[in-house]
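Below, each structure is written out as structure tokens.
Below, subunit A partners subunit B and then partners subunit C, in two separate complexes.
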Partner chain A sequence: MSAYTLKVRRYQPESEEDDKRGAYWEKFDVELDPTLSVLDGLLQAKNDADGTLAVRCSCRAAICGSCGVKINGQSTLACKTQLGEAAEEAARKARTGDGDAEITVEPMGNMPVIKDLVTDMESTHWKKFRRVTPWLLPAGPPPEREYIVPAESMVDVTQSVACIQCGACVSSCLSMEADPEFVGPAALAKAYRFVGDPRDGQTTERLFDLANDPHGMYDCTHCFSCIDACPKDVAPMNQIMRLRRLAGDDHGIRDVNNGHSHEMAFVKNIRKKGTLDESLLFQESYAPGVKGKLLPRVSAIRGLLDSIPTAIRGIRTGKMRSIPKLIPGVHHKLPGDAQDHVKHIYERAEESKIQLNLYIIGEGGEEDASAEATEPESVEEESATA
Partner chain B sequence: MKLAYWPGCVSRGFTPELHGSTALAADALGIELVTLDRANCTGAGVIAEHNQELADTLNARTFALAQETGLSMMNICSTCQGAQSECQERLDADASYRAHINETLSGEGLAYSKDADGFTNKNFLWVLVEDYGLDKLAEKVKRPLEGLRVGPFYGCYVLRPKTRLGYDEHPDRDLYLEQVIEVLGGTVVDYDGARRCCGFPVITMNKETSLRQAGTHVGDAIDAGADCLVTPCPLCHLNLDMQQPEAAKVVGRDLGLAVLHLPQLVGLALGFDPKQLGMPKHIASTIAVEDRVAALA
Partner chain C sequence: MPEHDVLVIGAGLAGQRAALAAAEKGVSVGIISKVHPVRSHSNAAQGGINAALDVDDSWESHAFDTIKGSDYLGDQDAIEVMCREAPDELLHLEHIGVTFHRNEKGELGTRAFGGASKARTYYVADITGQAIMHVLYEQLMKYADQIDRYEEWFTTDLAIDDEGRCVGAVTRNIKDGSTEMFKAKSVVLASGGNGQIWQPTTNALICTGDGIAMAYRAGATLMDMEMIQYHPTTLAGKGFLITEGARGEGAHLLNAKGERFMEKYAPNKMELASRDVVSRAEQTEINEGRGFPDGTVALDVTVVPRKRIHEALREIVLVGRDFAGVDITREPIHIKPGNHYTMGGVKTDIWGRTDVPGLYAAGEVACVSVHGGNRLGANSLLDTLIFGRRCGEDGAQHAKGHGFGQVSRTVLSDSESRVDEIIARQHEGGRRVSEIKAELGKTMDEKVAVFRDEEGIQSALDTVRRLKEEAKSVAIDDRGTIFNQDVLGAIELQNMLENAEACCMSALERKESRGAQYRTDYPERNDEEWLKHIDVSLNGGGPEISYSPVTITDWQPQERTY
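For the complex of A and B:
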């Protein structure tokens, strides 16, 4: 048995005591084995110290997804975090050099708090979840018996199927902090679960919808928070990147958010120059190719005009005071024959497009895992023809 | 100490002061840098979004160029670190995949070796703490930055995901900026934004979301009493510094906080003049920081 202090963020809007109606911190001392969970600690505090302490939980085994909270600032499941580890992490972050640090427990972020550690999942998580039509929309009438799909065609959706809807990723999402309307990691990972399903008949429509929503797949800032938060290794951000790849590259969707044009501007830029021609990247992200320049979209003109003050400031301080930085396309290539070798890499990789799936083969999978076995082209062909 | 050096694109583009200040700081610290001038862009995660094999091969090429020198590799950009670590994770996971990639590289006489003797690729921040050593850094400090209140800003790509970025072996990588600030004599400012996202990756896709992030973090640091921020990532610098006046409009408040590149902060403590370190090139004025440092000398 060890002693721990849980510093809990509380909120009791119905309390009769004036000082408890706003959010406040309260400390609870608990005594438990270090291998028991923070949830066990919270339940001991509730039993022994204050029965009004509200926390949502059910299975206590990281399956039901009920007990999402923030522990030491990290969104996770209370039942999946051991007290001993949490105390060590608290001490490490506090940089006090001792092991006596308090374990902080807060309700999940990006959601309204109902009471103490219980958040309103309905108004955020579930609302966003429904936004992506999270069920199968098959093409044509159902088969007489079950749908038959090749096993390998389901490999890439396995990871998103593992989601238990706990909301930890939503809680941790840094884009959503800035844009509460962002569809978000959980819902977009679920969208990929159906986009990648060969039985679904609305693949292009789903992708078109989420690519063109200003709060859709291109509103993710690629911060990896959801990857670290997810207790089931769903890596929602990776599923969002899969959506982007499918939308722009495989389904040819030219979104209004400049998402695909930015990606392609970057890809072409390195093929041509080896290192980034920033002004070209910027200009091509808004107005790609000859067509983009002859018939620019209103949003492209606005984007480019909006950037003029920034450019002028850059010229004034000397940051951008050079011809290659001011005139797109003047940027130098790599020295000697290096650029030719970069082009050769493009030719070969754009031909084979291998995608290793580390969720399936494992990071230390090594030697016997075959790259070809996880090559997803077959999957994508299936989904395109399904 | 001698390292193969990948400067990245932005450090020679829109943040030229980063490349310059790195050269000065490294030289003063006695770190010899062998620039990989044939190496290519890491793809910043964007090329991997388009085609993983393409990104993996491009970065395998850079690793192979570094391995040819027999040295470990250093970068000065969180985003380079994250993009390269992502590719390295896949390259290291599967021998047949690696063989396929190396076949592509063979025309240039290059090959990436997973088990090359002690080969590592580290951001300048990681090099400073893990390989150079904070004790040795402390010895080199000529002008302790006493009274300078510095807010750390890491950049997502050196923080997450932890499993990929070597946190098993080096669990304190998310505290190194604090450690360096203290060794240089400065005071660490705690504020909400230190480990959040600057918003840069969506600047052309959703400018409002992007600048709201940058503006919020700069504002929080000001409210916490910071004299400046310090970052190991030039892309964060673009959003926090270059876009700061635009970010101020989005969050509806005055900002005006200097954002230093990590080698600039190190350089100040090593005794370099702010001008030598390129600080006047910044958009958010660095004059308050310069005055403070001048008062120390």
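For the complex of A and C:
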């Protein structure tokens, strides 16, 4: 047993006390084993001290997805975060002046708060979720028995099927903060679940919609937040990258958002120069290749003009630090043979088409868990005779 | 006042399946759940779902295993229905999108499960329940124009008309505290089990037996309430489940001396004997001093190939890592029997009809009875889907032949004032909900668990009756309308106590050992006197015990060995 203090961000919409009209902080002291969860702590506070403390929960085992919150600023599940670890993290943050010494618990971000730690997921997450047509659209009537599909294809989508719709990724998404309309990591992971399913008959249509949606998959900025937040290792960002690769490469979809060419501009840029050459990035994104340079389309010119304010903001806020970098040709090269190494990385990645899927490679990616999903010895027969 | 031809209370697998089946029949449907549907407890099911789909398998074999597993208390007509319809149901799930595991030929592949003579458990990694439930929820969204969803609404009472028909339900909108009288021609209860009566349990906090208690109060009969499954592999203290799939994949059970003790208890099936058998074996090892000091034995998953563990048992790798600090791929994990499943519930026929006209029940809330004295692993998901669908179909049929009933004006106001009274109660030395719940959980886990006797059960019953009185004066802190979880907790507590009383009474009544009920004072199965169901119903206010026969068709009771 150890003592912990939980500093909870509260909101009691019906409170008549003056200091409790808006959101406020309240501290609760709890005594529990360090291996128990922050949810156990919250429930002890609720059970013993204050029954008005509102928090959604049910399974206590990171299965139902009810208890998404922010703990010490990180979006996660309350039932999956151990008190001991959370306290250590809080102490570390306090030492570096990064936060409080207490374990802080706040409602999820990017969603309106209903009461205390209970947020309105319907108006944010679920509404967007329905935008990706989240059900199977088979090509024709079903076969008499099961659909015959490769075993690996089912293992492949299992990573996104593992999503419990907790909203932690949505809460942590930086792009969502910038564009509240962004369909978001969880909905896109769900979209991959159908795109990757060979039984679905609308793969191209789905990819086309996702690519051309102005708040669709090209809104993601690869910030990794959702990967860090996700309690089920769904790695939404990876699913988004796979959607993009499928749309741009395999299905040749050129979206109206210039998302694909912007991404390709990055790829090309780094392959050639090793570090980002901003002057080329803009141009390549909107008017790729030699032809693009010589004969830019009207839409490309418009796109370029539209991005000028962004570029100016970048310079002003110091994000783009070297103004000469904006002049084509000034960008420096990597020293020595570093550029060859960069190219080599590209080749390796392309050769193996590495897909980050934990169901295939295992937690640590051990060598005995190789990249192919081969069937192990037949368990069926083994136990039938047991 | 919302009106629906068919109203489904509960949105786990049973409820969602019922709603979809009713909608397919062209009627209007409403589905209510006290949590968002995908939070329902069905998502905890890891292992899989049984069906005799393989060409070498037969429904008869599945039925026999189920009957034997039930210790001959299961009704054979219902078991036949479930096992015969299983393959089509499974294919239906596959067709609408469930990502079942495939074999190397791309066909559906199976894993082995306890008490089964063949590997007939179909699965999605170890998230089968979640995978199926999310697909059903996808279908609910797809059929949104026919099915109205009431997400985060809490049903407090069923509405019964003067002729004793069920005509709707009173339900509170958790978000704003308003109460509505939902009118319906058919009402399907699919509100899950009551595992929260025991502490610890593998069940979620929402499994408080609300539906069982509501039906009981409304005049329905409860059956097999003494039959409570203790699962052989739960984490000590916390009650988290390690799926039977682990043993299905070949994991061993070891005592503290490192012996594979199941050799003594079930030499043929070993770790894959029926759950009641394995739980008793573990508890015997523990009681006789061959367990670990923390009152556990060990489950050794390291004998399963590493790659197979990652592919098929990933969820329990996470459970081990996050909740026990153990890497199950490298070392054995300590486990013990823990409360898991309610075999009993609201008595129904093979179409899910209860004794109350217009009221149906399916899933863990119901007792058809397909599980009898002991449920086989992976038969419960099947039960929810088969009988959920049947309730939906028959409920729709019933709705087509009936109008809306007359709801007496007092139903809504009575229910509302019951809730208001709790909210208004002042703290006057009464106990807190959580205290009563903790005492109940501890008592039941000590006295109405793997091994039972008269003295223990009687003392549990006395405690439950005292707690019932105490619960009448519990006071709560939250006086608000928006998301008042406090008042819902007090209502759930009343429901739990009603369930517990019926369970203790039935356990006391059955003076033999069968399935999950092992009486140390009556250690033998006694078919002559006790091959019958124990029913409980409310009569003139008090609970009353009666009996009903077990339906036996082709399979005569035999001695049960594994």
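One rule holds for everything that comes next: the second predicted complex is superposed on the first by the 273 of 386 C-alpha atoms of A that agree within 3 Å, B and C clash if a C-alpha of one lies under 4 Å from a C-alpha of the other, contacts with A are read in each partner's own complex, and residues count from 1 in each chain.
The rule we apply is simple: a contact is a pair of C-beta atoms (placed from the backbone, for glycine too) under 8 Å apart; a residue touches a chain by one contact, two chains touch by 3 or more.
Keep in mind it's a predicted model, so treat the numbers as computed, not measured.
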item: Touching partner for A:60 - first (subunit B), second (subunit C), both, neither; value: second
item: Partner chain(s) touched by A:299 [first = subunit B, second = subunit C, both, neither]; value: neither
item: Partner chain(s) touched by A:52 [first = subunit B, second = subunit C, both, neither]; value: second
item: Partner chain(s) touched by A:96 [first = subunit B, second = subunit C, both, neither]; value: neither
item: First (subunit B), second (subunit C), both or neither touched by A:123; value: neither
item: Intersection of subunit A interface sets (partners subunit B, subunit C); value: 358, 362-363, 366, 369-370
item: Sites on subunit C touched by subunit A in the complex; value: 35-36, 38-41, 43-44, 91, 94-97, 99-112, 118-119, 124-125, 127, 130-131, 134-135, 138-139, 141-142, 151, 175, 204-206, 238, 240, 248-250, 268-270, 272, 305-308, 310-311, 314, 317-319, 322-323, 325, 432-434, 476-478, 480-483, 485-486, 489
item: Of all residues in subunit A, those that touch subunit B in their complex; value: 92-93, 95, 174-175, 177-179, 182, 214-215, 218-225, 227-228, 235, 241, 244-245, 248-249, 257-259, 262-264, 266-267, 270, 274-276, 278, 282, 285-286, 303, 306, 309-310, 313-314, 317-320, 325, 334-336, 338, 341-342, 344-346, 348-350, 352-356, 358, 361-367, 369-372
item: Interface residues, subunit A side, partner subunit C - complex; value: 12-14, 35, 47-48, 50-52, 54, 56-66, 80, 82, 114-115, 118, 121-122, 130, 134-136, 138, 142, 145-151, 154-155, 157-158, 161-162, 164-165, 197, 199, 358-360, 362-363, 366, 368-370, 373, 375-377, 379-380, 382-384, 386
item: Subunit A partner contacts - residues on subunit B that touch it in the complex; value: 9-10, 12-17, 37-38, 40-41, 43-54, 56-58, 61, 82, 89-90, 92-97, 100, 104-105, 107-108, 156-157, 159-163, 171-172, 175, 178, 196-197, 199-202, 204-210, 212-213, 216, 242-243, 245-246, 280-283
